[in-house]
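Here it is, the structure, as structure tokens.
Read from first to last, the chains carry the letters A, B, C and D; within each, the first residue is number 1.
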Amino acid sequence: MGKEGIRYAAKVDLDKDAGTLPYLHNRWHPDIPNYGTIKNNETVKIECVDWTGGQIGNNDSADDMRDVDLTRIHYLTGPFEIETAEPGDLLLVDIQDVQPLEYAPWGFTGVFAKENGGGFLDEIYPKPAKAIWDFEGIHCSTRHIPGVKFAGLIHPGILGCAPSAEVLETWNTREAELISACSHMDRDVAKPPEPKNVHVGTGEAAIKEKVGKEGARTIPGRPEHGGNCDIKNLSRGSKVYLPVHVEGAKFSVGDLHFSQGDGEISFCGAIEMAGVITIKFTVIKNGVADMGLKSPIYIPGPVEPQFGPGRYIYFEGFSVDENGKQHYLDATVAYRQTCLRVIEYLRRYGYSDYQIYLLLSCAPVQGHIAGIVDIPNACTTLGVPIDIFDFDISPGAPVQKRDMGSCAYASS
Amino acid sequence: MGKEGIRYAAKVDLDKDAGTLPYLHNRWHPDIPNYGTIKNNETVKIECVDWTGGQIGNNDSADDMRDVDLTRIHYLTGPFEIETAEPGDLLLVDIQDVQPLEYAPWGFTGVFAKENGGGFLDEIYPKPAKAIWDFEGIHCSTRHIPGVKFAGLIHPGILGCAPSAEVLETWNTREAELISACSHMDRDVAKPPEPKNVHVGTGEAAIKEKVGKEGARTIPGRPEHGGNCDIKNLSRGSKVYLPVHVEGAKFSVGDLHFSQGDGEISFCGAIEMAGVITIKFTVIKNGVADMGLKSPIYIPGPVEPQFGPGRYIYFEGFSVDENGKQHYLDATVAYRQTCLRVIEYLRRYGYSDYQIYLLLSCAPVQGHIAGIVDIPNACTTLGVPIDIFDFDISPGAPVQKRDMGSCAYASS
Amino acid sequence: MGKEGIRYAAKVDLDKDAGTLPYLHNRWHPDIPNYGTIKNNETVKIECVDWTGGQIGNNDSADDMRDVDLTRIHYLTGPFEIETAEPGDLLLVDIQDVQPLEYAPWGFTGVFAKENGGGFLDEIYPKPAKAIWDFEGIHCSTRHIPGVKFAGLIHPGILGCAPSAEVLETWNTREAELISACSHMDRDVAKPPEPKNVHVGTGEAAIKEKVGKEGARTIPGRPEHGGNCDIKNLSRGSKVYLPVHVEGAKFSVGDLHFSQGDGEISFCGAIEMAGVITIKFTVIKNGVADMGLKSPIYIPGPVEPQFGPGRYIYFEGFSVDENGKQHYLDATVAYRQTCLRVIEYLRRYGYSDYQIYLLLSCAPVQGHIAGIVDIPNACTTLGVPIDIFDFDISPGAPVQKRDMGSCAYASS
Amino acid sequence: MGKEGIRYAAKVDLDKDAGTLPYLHNRWHPDIPNYGTIKNNETVKIECVDWTGGQIGNNDSADDMRDVDLTRIHYLTGPFEIETAEPGDLLLVDIQDVQPLEYAPWGFTGVFAKENGGGFLDEIYPKPAKAIWDFEGIHCSTRHIPGVKFAGLIHPGILGCAPSAEVLETWNTREAELISACSHMDRDVAKPPEPKNVHVGTGEAAIKEKVGKEGARTIPGRPEHGGNCDIKNLSRGSKVYLPVHVEGAKFSVGDLHFSQGDGEISFCGAIEMAGVITIKFTVIKNGVADMGLKSPIYIPGPVEPQFGPGRYIYFEGFSVDENGKQHYLDATVAYRQTCLRVIEYLRRYGYSDYQIYLLLSCAPVQGHIAGIVDIPNACTTLGVPIDIFDFDISPGAPVQKRDMGSCAYASS
């Protein structure tokens, strides 16, 4: 009856090595032991570290971004056993609230080095870079990209239930086939299981070894369970319906974002932070079959920041790449071109390309698939809210080049 | 001073063969003669036929959809000379209004046969199908998909200025290369110039022959000028900034839509109609360079139909195809999966797959690029507004299979 | 099936004297003969003259405003018999569309002279004034108040069914009591029946005489039937539920507005225009008792112009009048003060008080009752959208006095 | 740079008697000593008790509501000295966040007895009543009004700077005149200064005595400083501009609301709670004159809960009272009628009138002044969001009377 505060299912300690903490893990595997139990219909608070487990500092150098160890990410909180949940059920995750930790009101957006992680535009922008964001209630701003301030649409980047052994096997097989098929490409197209730096919460050495060999990496979202979907609208008041694959669901959550743009294009692109999420869990028996779901669905919450439709500039991009080559209905190519169009436009105000690249990753930009059938061109659009800038970026307004300082770069 | 009505730059006659009308054309080419002249800063009304030029009827058979002649489309109104416009300028197109023709308050959505046009899901849904929509002021409904009614976000599918000879050459070269590179595929990946049924307005035989050989087809949008962008939000009150490539701009417009979903997935997927668009034209001298634009941008209008964010169901899709094959950050594959997830969900209410396929093409669904960096999976989302249905499709609501009748099919 | 246009139940002729036209009337009375019949569930278009029946011209003088004859207003189109409607039913009026007449794309906002009509602020602003608005699709602007442009939320000011003889008697009695009780005030507090210039459509002399004696004036909205509610949000896509008091409902509509602010403070305050409204009529049998309705209700349409909540400046006003006198929870006094606060603020930019008074009457300003229980002060708020101005009126922005020209005044 | 949490300017202790706490006070007076100092441009957190200082319990009886001691309210936190603020300046209060106390996630809505406080409808509903609300993240629900859940638009009911001696004198004079003029009414029309239970924070006995004699009660908002404006939209991200009347501004805040409806009709009508508000303070030198402000203005924040305009039912009310008496343009009478119309409508579902009265006070209902010039009727509207109910209250939906339990009443 609301007379007391909500129970914490986990509290984090930011001063300890994330890789030693019993309530964190960094792979998907059914054998990672539960950290605790949550009742059906119970509401709990769950604290999360930032996705790198503290590798990135509140400073003005991107050396940490350059040197990030991707075998350690993402540190998720859990897994939690949800009472009564069984395979075939749906777990209704009612996100009642998400907040930064009160004592750490800041976050970061990064560009990884092309040779260590990369990002959506790494062929063009291969260098590491970083911006630190300060939170002011619902708003944020950064000393590394002056002239910008916006309300965060705060959300978890990752949530999901553990895969069953069969589902895990499917993942590993199909991603290995891709890696094999793409061996000629000079880039990672997927990340296979990796024993190095694997962390399995309270799991013993034998489990750790097994998870190291088999555990799915947390980087991609996957259709069977959701995971790292990076959906910017999954914010306060949203409801997600997650398929359950194992007894007790084994739910995990992490990678909290203060804000993100559609696509999260710089990879470490959201405003990454440590924080606390309040969730009510409800088990829907046999929900997967009853609703015909092969992947999660969600209903966004009622409090999205409102920019009138007339307060966006929309950029258009097509599946003709920067070398003039025509691609066939390729929305990925089109969206990359759309991003480049924004960079070309915003450059006029004095921003560096890296500043804009960072900004597009984390500001509440709208990425739409406009047309995907008009052969041979896919057309995507990207809407930039005019009101996040403290000067007027409208096409008709006068343009003045300003001193926009610099984002953080790595030392050379 | 508004004491009289606005000038019509063109009025259409729906009873005549579109291929004979002096104010229509169906290819992009700089040599198609202007139909008339519009002053800088002038506002005019321009009437348009539907994109097929009347090939589709208001009836209950999809035979016309099956037999559509794609060499004839799209019939655009124009080109119009815009006074003072020169290459390098931007043409600001202020869409003051779009309406159906008062005497023809209906439109159509179609699925083409896989072997004649196809669509985004034609591997799975190869048959032709059709729905006829009746307009009731700002709303529409159809006897072919019962239980659905929504306000249209009415817009032009195609608008653009004529390419210069150089731009046209670029288009033809790069699309020919794609066709050549994809010759092993058993489908059209692009449409080369096509003399058959070419129409050049008032152009003489020599021009007709030239345009037949060189004229770019109207199907794809293209980065240099926009064209068939099929952007569902380009509605009443929107402003588009179009690059000018030739003297006088040679602006054309057509393919009016009463409504469209992001992606327009069934290809003939919007609610296609004849109608009238009111545009104010303004020339922005040297705008292309001043704004750093390589493609059009636009600012959406202030009157988009409002569904609260809590009134959508969002479906998630990933770049793992229906055969379980993993694709690398392929947003096109992901969006196709997202569409299939919706079909699986809505089937429960008694709709046929083709009814849902048609509905997803034309209803105001929101297609977003959620994550495009989490290797190997791109994640896209598709939001379906709950309030367009006259029963409750929420995940928690009781499900009842209804008699949903049928969309129109072709005779066999 | 939408193959033809919608039937016109009435078309207006702006060149004729409104007081002679068979489809118009200007009083509420059950004996005014029907102009025609509309089927239950039928959709029709109904054209309307402006509320003054053409007394106001598109020019730069407010002489016509000064000399307006208020015995002639409002000219309503109808009444229409709605088949099957009986007393006790509700008439569901589905407003599918409202548009200005295509050949008359302009409207007017006026301030009446204090001694002939007056307005909400006539103690302070007693002079007649006028602004002429030009329509550009969904937007409007005026040469009389430079720097302002906005999308109209187009709606009918008046719609309702005829009163029964009993209801009419109630109105006349209760308003006569008010007039009698306020005889000491030096202003009209209500308008009694008035034979002069009464117009009853096709009604014979005997009816005219009777209506002249008994007919209710059209100026106030009234709880029993709605009437002149001047609700700015009753726009395209809205549904109104109107009580039926007589056989056949005898529905009338008029006083179309291109836009209005909450309160319509200058009395002739909306952007008044001639136009056409498309309505679907549905009779709900016994609806008054079933829904427990004593007054109309409505559901607003889905396409209201969107200004983000952060794009308004809200002014506060309290029930302490301009002489410093404290009133007891008087929302009317509070709202007048709120209006004055806006005038004081906007003066800084060079507007005259009369220009702002006109603007507040017709722009889409939001008038809210904030607190009405905190004795002795009622608090009301008025939100002015920032984005209707082409310069920045935000509190933090630099203020520059401009040459704002003049609204139209009367000759002296 | 955001590396640490935000400073608390005051923390509350809910276990102590509010009337003894040094950081609280319950009158407006310039001599109440400052509790501390806040720098210009500083951001602080300020905790607040509920407005009654803990007189109301989380239980199922309204005895506490009946017995509430109104000489003790409202307990405000402060006053705080804002460095550099002087009379004539504006204090920009940037509301960065408002939250309930983490350990007290509940609030209350009450109806006072007519003879002890009363409310907007107390002639009709004179009995005390109460509902306890439980908070679930951004949403709330209550065991006392089943079937309802909504997102709070969380805000402070009261904020303002201390009056100067001159301003205070103005208040006391003008309110005394009202009390004197209304001595024939059998109700309190205003509350004069009251020595009983006066609390002045750390102030000595002499100050306490002076404030008891002269201090303005906190119940009304007042034009000169704002105060108890009860503006439901003054939520997270809003900015308020407050006139400064004394050196150091002496800012106070309290009466936090989880949600409120326009009008807050039951007087104790918002969802009252203890909580914490995060504010950034900025002094704008000479702002009162520069902006021409006689009363505060505000800009609402960007995250208002979104109900589409088509998701409200709007009720209309007119200035004809429940006895059929006609009032002259009286928006207060009209709004009372509008409230009664909602009660009549919602009764059909099994709610008691008191349950609806409570709900209208605290749910995010929209109260608008529609028309205020159409003599003799003012017309107000009240929009009830359809989506706060877990069943369909649309006019067309089937109506079923449910067992809606009961709100809390007082023992007899």
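Note that a contact is a pair of C-beta atoms (placed from the backbone, for glycine too) under 8 Å apart; a residue touches a chain by one contact, two chains touch by 3 or more.
The shown structure was predicted, so the numbers you read here are calculated from the model rather than taken from an experiment.
Undergrad: Please state whether A-B or A-D has more C-beta contact pairs across its interface.
TA: Answer by contact count: A-B.
Undergrad: Tell me, please, which chain's centre (mean of its C-alpha atoms) is farthest from the centre of subunit D?
TA: B
Undergrad: Can you compute the centre-to-centre distance for subunit A and subunit D, using the mean CA position of each chain? Integer Å is fine.
TA: 39
Undergrad: Just the number, please: Cα centre separation of subunit A and subunit C in whole Å.
TA: Result: the chain centres lie 51 Å from each other.
Undergrad: Using mean C-alpha positions as chain centres, tell me how far subunit A is from subunit B in Å, no decimals.
TA: Distance between chain centres: 32 Å.
Undergrad: Give me the residues of subunit A that touch two or more other chains.
TA: In subunit A, 237, 301-310 touch at least two other chains.
Undergrad: Show which residues of subunit D lie in contact with subunit C when the two form their complex.
TA: 92, 119-120, 170, 174-175, 177-178, 182, 188-191, 219-223, 226, 228-233, 237, 239, 241, 262-267, 269, 290-304, 308-310, 312-318, 320, 324-332, 335, 337, 341, 344-345, 347-348, 366-381, 383, 394-395, 399
Undergrad: Mind pulling up the subunit A residues that touch subunit C in the complex?
TA: Residues in contact with subunit C: 305-311, 387.
Undergrad: Would you pull the subunit C residues touching subunit B in the complex into a rising list?
TA: 1-6, 43, 58, 94-97, 102-106, 132-139, 143, 151, 236-237, 278, 280, 301-307
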